[in-house]
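The same chain A turns up in both complexes below, where it pairs with chain B and then with chain C.
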Partner chain A sequence: MIVSIARKEFSEIVRDGRFKWTAGMMALLLLTAMAAGCQKHSAYMDMQRLSQDRTNAQWLNQGNKNPHAGAHYGNYAFKPAGPLAFFDNGINHYAGNALFMEAHKQNFALGRPATDQSSIGRFGDLSGAMILQLLMPLLIIFLGFTAFAGERESGTLRQALSMGVSNRQLLWGKALGIGAVVALITGLCVAAGGLALSLTGLSMENESLGARVALMALSYSLYAGIFLFLTLAVSAWAKNVRTALMVLVGFWAFAAFLAPKAAVEISKAAHPTPAFGQWMADMRTHQMRGIDGVPPFARFQQESEALFAEYGAESVAELPVYVGALRLQKFEEYDFPVFEQHFGRLRDAYTRQRRLQDRLGIVAPTLPLRSLSMTLAGTDLIRHIQFADAAEAYRREMVATVNNYLGEAAASLNSGYGGGNVLIADEAVFAMVPPFEFAPQGLGKALSEHAGNFVALALWLAAALGLAIGAARRLKVDGD
Partner chain B sequence: MLQATKLKKSYGGTEALKGLDMTVEGGDIYCLLGANGAGKTTTISLFLNFIRPDGGTAAVGGLDVAEQPLETKKLLAYIPEQVMLYGNLTALENLRYFSRLGGRDYSQGEYRGFLRRAGLQDGAAGRRVKTYSKGMRQKVGLAVALAKQAKALLLDEPTAGLDPKASNEFSELLLKLKADGAAILMATHDLFRAKETGTRIGIMKEGRLVDELSAGEVSHADLEKIYLQHMHVGGRYA
Partner chain C sequence: MKRIIISHETRQLFRSGAFRALLLLLAGAVAFAAWSGQRSIDRQIEGANAAAAFEDGHRNKMRADTEKYQARVAAEGGEYQFASARHGAGEGPPQGTNAGVVGSATAKYLRLPPTGLAPFSVGQSDIQLSYVPVSMNPAIHITRDNELENPVNLMTGSFDIAFVVIFLLPIFILAISYDLLSSEKERGTLAMVLAHPISLKALMVSKIAARAGVLFAAVLALGLAALLAVGDGLGSFDTWARFGLWAAATLLYALFWFALSVLVNVHGGNSAANGIALAGTWLALVVVVPTLAGLLATTLYPAPSRMELTTAARQAQTEAESAYMARLSEYYYDHLEFVPEGDERAMDFLTVAMANRNAIDKAVRPLHDEFQSQLNRQESLVRRFQFISPAIMMQLALNEISGTSADRYEHFLNQAFDFRDEWSDFFTVRFLRRAPLKPSDYDQFPTFEYQEEPFATVLTRLLPSLAGMLALLGGAILIPFAGLRRYPVATS
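This part shows the complex of A and B:
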């Protein structure tokens, strides 16, 4: 029975002239977005690897110099795009993709494609995710707003209900029929995109790609189901098709456009981020003042006795390592808590903003979906922070390696002996620093903060279902 | 088969039906006459559970419609003044869809058979019904009723606007269904058709059944006279 109803809905939709236009447009947009996504993704990944290789080579071939100067020469970390970035580019456009790692400074990632975009870029990146988040609901609304209201207006609802079919069967049948059309259009296009991407030969080992794709499909299916049942609920409830369409398009504009923008503004107002210039100045001042108000030189002086004791030495002359290098390294380490505090402040604000946005998902289903989609694509804030953390850990290791080398190689300088050549490092020394590699945390870890978003989507679906069943139960045969 | 007992329905304070009692047995063609707004369509809608009664009961095959709406609908077939079909589906597809909604399914050949019996020319069955004339749609509606093998038919001015030939064919089919034992309730304005095909005739006015006649015992001229008398203020016995 339900299948018969679904089949009839399907044939009716597919034979409707309007369907060809809507489906055609949707397919065209999706395919374009997927193709563009694939192309951009593979170009980006090529560039990322090329740049990382090149900068690694530059690090090694920077020429013979003081090892600490080598740390000033520095190295770049280039952020891999994320396993499903071709589908959802997340915050990649805004977060920066290259992070300069050098002595004494923890830097921000630079290279934000958004800064190179014209104002049109403000509407968002044309991506599969954007099309599915914004336009798929509209497709569902267009295919479904007449489901009950239209049949009521044309009188076929009288005829159908006189046959002895239950309202609920009618509801399930229509949901299945419309759902099948939507799944067909979107599924085929997304699959085409995935296939195209797999042809580019990108390897994504250790990124639990299958689970990501499955959860992505689940999230978007929940999202589609929400709009599908809301559409059917409104269509069953509305007096006529015009009302149904107006209510649905209104909700769509709210959920897909207004709510996400409003959520960003609200979260910014609730958890403001410091002005960049002030933040930077605060951090630099704090560095010079020292974390506990003791400036680095004074602190080194205070701590030197204990420090020397660690080496079994009572004076500089007895130190087995070059005191200058030791000081450089200590200064470096004094900065760690300062960086952690100031970057932490910033990240706390961002994380609070993100969490608040997730909580606002109860207002519009687009919010939890957007958050989940980014995370599953590996293009979210948490992953960016992981990348920045990995770069910082690498930077500390890199600087420590060359400083410690300097300390050991130039120990003779403590007593005033030894030539300038002990200050010179060559490629073999720089090779002690392994190339940068970003090993993102596993999917489970990435999703650990997202249970609430799944719950929000499930709640939305339950509410939409409840409304649809309620509206179908009270289904009126005639409009007046 | 069809029974209304003290059936009442009001719309926003206006009483559309003021305690209707009527019975249609199998083999009866009961023609309901009456002006627009007399309560004919309301009566049919109540038998279909499209609206809820404010008092009394409508029963089909002994089952209360309000309590067992799906079971009673399975016994019924409904043909409105305008049979509404899905324009982008063919007659066969419409017929198959409605039949399945009613819980029945047949072979393609059997569906064609129902359409043929309903009088639809063979070549039209595979065409989309948006190209159909009103008469052709009514025939598809009739085929739906035939396929449903309903025990009772509810017809709401089914021949209004049909040409005399189509109207006549329609009546012929009703007579066949009657012979097969169906209970038929038909709201109509067509006194002539009521006299010709009906077995019993009820005249409704302002939500009440004001007269019941046996079609065989009244001439066409008398029927018209009685009807018109009722329609005038005070009615036949004033």
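This part shows the complex of A and C:
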């Protein structure tokens, strides 16, 4: 029985002129978004790869100079887009993609595409994810708001129920019918997008692509299910189709547009992001003051005796390493905890904001889905932080390598004065630093942050299902 | 008759619980938006104050050192001397006497002051720093830093008054007008009303007038309340002129949505069909078309790649660096009058570093200039795409009115670049002369005052967006009334 109701619902929708329009538009938009996403993604990845190779080569061929000057010349880390960025570009437009790694300074990733876009860009990306997050729910509402209310108004509900169909059968049949239509449209388009991407031939080893796609499909199915059952619940409960439509469209506008922005403002008020000027002044002051209140020069003086003892030396002249290089490296290390504290403070604010936004998903299912989708696409904040961490680890290693080389190679300068500029490092010395390569952590690590989001989606689905079953049980055969 | 209908409709509206709830929601949204807009401006000002205090504090410390030094010289006799640059502590005259150190180790923060209406539209101000550092460092450092907002928040965008106007106001308008005629028809009252001496057109106009009147009054009152609560410069002409423009643009935009609703109403569909059509149109005009415009624009006119710029600039830097000793001569060549007597060129690290920086700046700047002009070209092409959606026109207009537009920011940056040359020259000349900075010289440092654009410039830039909306509105008004003649008054 359920199957025949579903079949009836399916063919009724498919034969409806409204459906042809909405479904056609939706399919067209999805295909456009997927095609554009693939094209932009592969162009970005080509550019990223090329630029990283170029700067890695530039590091090697920077010319002969003092090795520490080489660390000032530094290198760049360019951020790869994330394995499913063609589908969900996440924060990529708003987070920098080029991180300068140099001596003495931990930097932010710069070059945010949003800075170079006109304000039109702020309306958002037309991506597959955006369409499924914002438009798919509306499609479900349009297809389903008349499911019960419409049949009641036209009197066919009484007929159907008089034939011995149970309320519950009717509900499942309709859910199945509408669900099949939605799955058909979105499934086809997403498959086309995936095919196009596989044709671009980007390598994505170690990115557990299969798991990502499967979880993505699961998340979006849960999301679609929520709207499907909510639509049926409201349609069964509402007195007439007009009310059903108003309530559903109102909820959609709230969940998809109002809630995310409101959640952002609330999270910013609860966990304020420090302003750049304030943050910069705090960190630089702290740096000069020293982490424990002892400025770097004084601290080096204090520690020098113990430091020299490590080398079995009593004076500078006996040191087996160049004292200038030793001091450079020590100063570098004194800054680590300061950087960790201040960059950490910023990240904490970001992470707390994100968690609060996720938790606010309890009032709007779009929030947890959006968060999950970005993580699965590898275009989220967690991955951005991993990238910044990888760059910082590389920077420390890079600077230490050349400073230590300077220390050993220039040990004879300890007796001289200021000769550090004379020592020349060449390509062989710079080659001691391996090229930068970003190896993202596994998907499991990122997903461990998202258990709550899966729970939120599941709760929403359970609630929507409960409402639908409840409304179907109390289904009134006549309106008004 | 019209007047009776308008007053009847107005009373009916206020009696409807749904309408009262909508008004309350609108008021709540405006209050929330004003609150978050205010916080965003406060944060900018806090950041600017902290950055300026930090850098000025440095300079004040250096000045205090020179004062002490001057007193010492006066007490002990001898000459007030120039200190060569050094890292860390040392003997002799303080570093504050060295113009090169003062000019390159400290920065002067320049601010773009928010307009009185800034909290109304955050615009691009959450991405672009409204305060930039100027020093002897290369000009490209001026735009190097970004505001630190969480990228997720940037992606989502602000809940400001512009958002309420562009996204939510149309929903409210459509919600109170989507069933203007259809609901009366469905209840069967339309035929009865039209039995009275009133035309369908007059009825329609009266119904719309009642709703628009109430809504406009509400929007104006809410806007005014927001201005009084979070606006700034309430005594200045500029603020009130901007508020007037805001009100005009908002009313124009609201009228467009009322007209659209009329357009759908006269098609004679039932309420549900009208609802779907209007919700779909809202989605298309406010969400889909703007993102589609963005996609089209970036596909047809892609912004040049910053990654490419970065690697190209590095190539130029490497080449400039490889001959930096030669560049040192060139640096002096640029400042021939400062070659020390007997051609003994200073070889201290600051001079070498400055020469090096100078060389790099020269090599890299053309690339940045080219990049910027490419961006500007792209931006002006992209701006044409605004005409396909009232939402984009409105966003650009509101950014312009609130002073958070890309153009005003560029106007500020141009002043910053000019000031940077003035500031840098001031220190370079004194440094190369090895002229010791005295405490009184600190009062002579160049000062910066942002010169606001003339109001006419703002108007000129607003014109295309407002004209575009006016044209859309004209179209939306003219079409429906032609269709009214065929409107079926009763359900068949």
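One rule holds in what follows: the second predicted complex is superposed on the first by the 474 of 480 C-alpha atoms of A that agree within 3 Å, B and C clash if a C-alpha of one lies under 4 Å from a C-alpha of the other, contacts with A are read in each partner's own complex, and residues count from 1 in each chain.
Operating definition for what follows: a contact is a pair of C-beta atoms (placed from the backbone, for glycine too) under 8 Å apart; a residue touches a chain by one contact, two chains touch by 3 or more.
If you're wondering where the values come from, they're calculated on a predicted model, not measured in any experiment.
Looking at the shared chain after the overlay, A:Val477 reaches chain B, while chain C stays out of its contact range. In the superposed model, A:Leu134 lies in contact with chain C only, and not with chain B. In the superposed model, A:Leu161 makes contact with chain B only, not with chain C. In the superposed model, A:Ser315 lies in contact with neither chain B nor chain C. Judged by the touch definition given at the top, the superposed model places A:Ser4 against chain B, while chain C stays out of reach.
In the superposed three-chain model, the partner touching more residues of chain A is C, compared with the other of chain B and chain C.
Common to the chain B and chain C interfaces on chain A is no residue.
On chain C, the positions that touch chain A within their shared complex are 29, 32, 36, 39, 43-44, 46-54, 88-89, 109, 123-124, 127-129, 131, 144-159, 163, 167-168, 171, 175, 179, 183, 271-272, 275-276, 279-280, 283, 287-288, 290-295, 297-299, 303, 305-308, 310-311, 314-315, 317-318, 321-322, 349, 375, 378-379, 382-383, 385-386, 391-392, 395-396, 399, 405-406.
Chain B contributes residues 45, 48, 50-51, 70-74, 76-78, 80, 82-86, 88-89, 93, 97-103, 128, 141, 144, 148, 154 to its touches with chain A in the complex. Residues 1, 4-5, 8, 11-12, 15-16, 154-156, 158-166, 477-478 of chain A are the ones touching chain B in the complex. Those residues of chain A that touch chain C in the shared complex are 18, 22, 29, 32-33, 36, 39-40, 47-48, 51, 54-55, 58, 61-63, 65, 73, 76, 78, 90-91, 93-98, 108, 110-126, 130, 134-135, 138, 142, 145-146, 241-242, 245-246, 249-250, 253, 257-258, 260-265, 267-269, 272-282, 284-285, 297, 346, 349-350, 353-354, 357, 380-381, 384, 421.
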